[in-house]
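Each structure below appears as structure tokens.
Look for chain A in each of the two complexes below; its partner is chain B in the first and chain C in the second.
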Partner chain A sequence: MTTTTTAFPEAPPEARPERPARRERLWTWMLVPGTVWMSLFFVSALLLLIALSFGTTDALGNPRFGSTLDNIVGIFNPTYARVILRSLVYAVAASAICLLIAYPVAYAIARHGGRYKNALVALLVVPFFANYLVRMYGWQTLLSDESVVMTWLRGMGVPASFHILDTSGAVIGGLVYGYVVFMILPIYASLERMDGSLIEAGRDLYGTSLRTFFAVTVPASRSGAYAGLALVFLPAMGDFISAQLLGGPDNLMIGNLVQDKFFAGQNWPLGAALTMALMVLLLICMFAYLRQTARDAKEANR
Partner chain B sequence: MRMVATPDFSRRRFLFGSAAAAALLAAPGCAYMTPKPNPAATKPVEPKIDGDLVYFNWADYVDPTVFDGFQNEYGVKVIQSNFDSMESMQAKLAAGNRYDIIFPSAQWVQKLVAANQLRVIDPSTLKNAPLIFDHYPYFADPWYDQSSAHSIPFSMYKTGIAWRKDKLGETLTGSWSDLWNETSKGRTFVLDDRDEVLGMLSLLLGYELNTAATEELDVIIGKFRNLRPYLRGFSSDDYNNLLAGDAWMHQTWSGDMAALLWQAPDPSIYGFEAPKQGTPVNSDAYAIPVNAQHPGTALLFIDYMLRPENVEKNINYIGYPMPVHGTEATYDEIVADYPECTVTVEDLSRNLYFTNDSVAKTQARDAAYTEMKVGV
Partner chain C sequence: MKGSGMNRKPRFAIAVTVLLFVLLYLPIFAVMLFSFNNKKSLTVFEAGHCAGTRRSSTTPS
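The block that comes next holds the complex of A and B.
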């Protein structure tokens, strides 16, 4: 509505009486597909989840609506707290490692990629055409004890008791591998957008290359990095495939417990309550991200 | 100023929109309202073609040539879909999907019968049914389905321990306590299955297989805590873990030993034992859901599947023994090196099977299992 009014500030209302209304209606209608899609598959699923977290289970394991608080009380169990904490540590570690890997890659492509830039980005994205699950199975085969990789490592003198599969390292590695591209792309986009002459200006002002990097390049790419951190951290926190396929008994993440409750445990209400808890936690993280980006935007406008 | 005319219109649209959205949002939730009373048990039908067969089973559980034979002989199509767990099978059924034939485990036959979800089957209409019921009296009146009135047994399996003979020796002691093996430390797996893990510990501790008593569950949790340092993981991918070399010892379903045997470069390095404290025995069955559209074809299909030549093909395809007289040798031949895989009539009569309990008991067991899985 505001757009229409500002777009035609001079037009007298009686000159084109139906035009603003018709235009507005067009824009409103264009909202319909997105709204329907989101309410059908996201909002309704979410509401269902909230409703089910107060529900019960029948003898066949089917969830039933109810009004019990048992499930909400049930999630305040030290077992879950421990697993949530572990998931947090894994997700933070994975995000940090992704940042360390992604920044140099994005920098090299954006600043030195030349005419191969787009080809290089395409190459980065190609492996992600394969389903995440399939890639994790690939890692499982690659890292198992009698695999090519491990045989080769032992040949180089690594002790026989050493293994990678079923350790926290493998789980974090799986998360990094699974989500690193979501870190590279936003950082690449922000570095790509940056005006190269700013770096030259920094050097002209007698800044060392390191100083120029921290004073010019890093601030320019910060928003990309924040976006990347959010894009990696949020799915990593809820991930269960990496821990299931690459982790051992001590590496379960909260996603695994949620999945257990919904499938083998046949306790959808408790699974729903756990999901709610996880979402509240992620919302808090999301707010921190939004506040930070808002603050940065304000600084940039100054 | 120009906006003056629109609010009324917008509000009306807003109200209309929200009503539509609310209706839309409420729709998927209907599935979880208190259920309507189920239709009464149906009358048995005759085995004769009444349409194509809508088939719902685990993936790769029937030899494809057996399907081809059925399609050619009766001129109908077999429309296949698969589930990956009993729970997801139930979820699909509850969502209203209609199948002509499903393959629930014994435990799920009992649940589905109790919920009035299975059609009555009269074994006397099946030509090949005597091959089962005359030779395996256990199935004449099994614990999960009174007089086998709604199900026909399909396959059988038990749970034991598989191990690497080249790493741990030719024989173990034949007890569940073999899992506490020092040499195999860090390379031992248990199945990622609540009932199997709790059941294994109950057998070892001398408790009832399906115990849900708080104090017994506490002892089980304590006992498991002391097995934990030996474990590499929880996994139901038993034969792949053994094949990849990650597992030297694995709580294993007997049915998976055939897969191991067929895929291993040197099958002689593996062994399978059925511990003396007892092994849980389980079976899968054929069943016809009440809302099946072609129960006649389904019944005909069961009879066709029970022909000994088809049973033999399926045994050779999936490696599970089936309780059909005359096919026992086929299975024994496959597992000649692992004789303890065989599920005998005596195994069945030891009555070690996972039962269904009240929701409260199941949730108590589930909570104990979660605690064991997460560890300290």
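The block that comes next holds the complex of A and C.
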């Protein structure tokens, strides 16, 4: 009788590739719940919205499916077009300000945070435990004409006609406050990964800190900045809380119009058409972002 | 000295960071403070005896 010395004989070489294939199949199966969920609750809702944008309303304001183009044409009404343009301007301004704030903050934490780095990142995220609406109410409390802040400003000699609440500046400020962290985190991640000796070499080469920042730090963290811009611009464009609580009736954004059509105005088809317009705008921006990141990746691989 | 630039604290970046942290928490503290307001107003504050918190804890859900 012959005995083998190895208890677990090695698998024949041709049997080995089966394992990764099985694992790959497992991962494919794990995609199923997410795909089903998204198909049921996202794609179907989206299709419903598209169908509704061609619909009408009955005498009681209930939505009816149809095939009219009135709602699509209605988007180009100067009043709505002005609101869409205003939303675009506010979102672009908020994204630009977020970028200007996020760079120094991300830089300070990533390069000079030391052992408090993780604690500082956690402190950035903690305010998000409080609801966005509640935080906006907080700003309303602070910026209203009778507030402590305004009373103090008036005491400092600021004229009584000056107010912050119900201005476009307050809406943009609210958007910046609400989304600045989404800009800081990706920039922080790219700055954190960056080799510190690059900055040192940049200092030797370019001399001043500002030139080093623009020649070394900015290009190295560009991908993070693009991701941040996408993360801030997309939700800022559809935001309605900031405009509603801080902007007043003269600073409505497209999100407010959509909310109004669905709830107060009882015109779901027009609300659906406005949502579609918003989505098309955001898709164009998203494609621009994806194209830019693909171009950057190609350049980096060259 | 080589490398000394790296160790220099970026004052502007640190100032912006401190200011951002203050602004991030300011509205939350304002809401927390106004939860102790005796009046229902969101703008005028009148110090109370935890009236808001007592009301929220006793209100049946």
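Everything below uses one rule, namely that the second predicted complex is superposed on the first by the 266 of 302 C-alpha atoms of A that agree within 3 Å, B and C clash if a C-alpha of one lies under 4 Å from a C-alpha of the other, contacts with A are read in each partner's own complex, and residues count from 1 in each chain.
Here is the rule we go by: a residue touches a chain if its C-beta (ideal position, glycine included) is under 8 Å from a C-beta of that chain, and two chains touch if they have at least 3 such contacts.
Worth saying up front: this structure is predicted, and the values here are computed from it rather than measured.
Contacts of A:Ser147 after superposition on the shared chain: both chain B and chain C are touched. When the shared chain is aligned, chain B comes close enough to touch A:Val43, but chain C does not. When both complexes are overlaid on chain A, the residue A:Leu124 reaches chain C alone and has no touch with chain B.
Contact with neither chain B nor chain C is seen for A:Leu88 once the two complexes are overlaid on the shared chain. In the superposed pair of complexes, A:Val105 makes contact with chain C only, with no contact to chain B.
Judged by the touch definition given at the top, the superposed model places A:Ile97 against neither chain B nor chain C.
Contacts of A:Ile72 after superposition: neither chain B nor chain C is touched.
Contact with neither chain B nor chain C is seen for A:Met286 once the two complexes are overlaid on the shared chain. In the overlay built on the shared chain, the residue A:Ala264 is in contact with chain B alone; chain C does not reach it. Applying the stated touch rule to the two superposed structures, the overlap between the chain B and chain C interfaces on chain A comprises residues 140-141, 144-147.
By the touch criterion given at the top, residues 1-3, 5-6, 13, 21, 24-25, 27-29, 32-35, 85, 87-88, 90, 94, 111-112, 114-115, 186-187, 192-194, 228, 231-234, 244-246, 356, 358-359, 362-363, 366, 370-371, 373-375 of chain B touch chain A in their complex. Those residues of chain A that touch chain B in the complex are listed here as 1, 5, 13, 20-21, 24, 28, 36, 39-40, 43-45, 47-48, 51-52, 55-65, 79, 82-83, 140-141, 144-147, 161, 163, 165-166, 247-250, 252, 257, 260, 263-267, 270.
Residue ranges on chain C touching chain A, taken from their complex, read 2-3, 5-6, 9-10, 12-14, 16-17, 20-21, 23-31, 34, 42-45. Residue ranges on chain A touching chain C, taken from their complex, read 101, 104-105, 107-109, 111-112, 120, 123-124, 127, 130, 134-142, 144-148, 177, 180-181, 196, 199-200, 203-204, 209.
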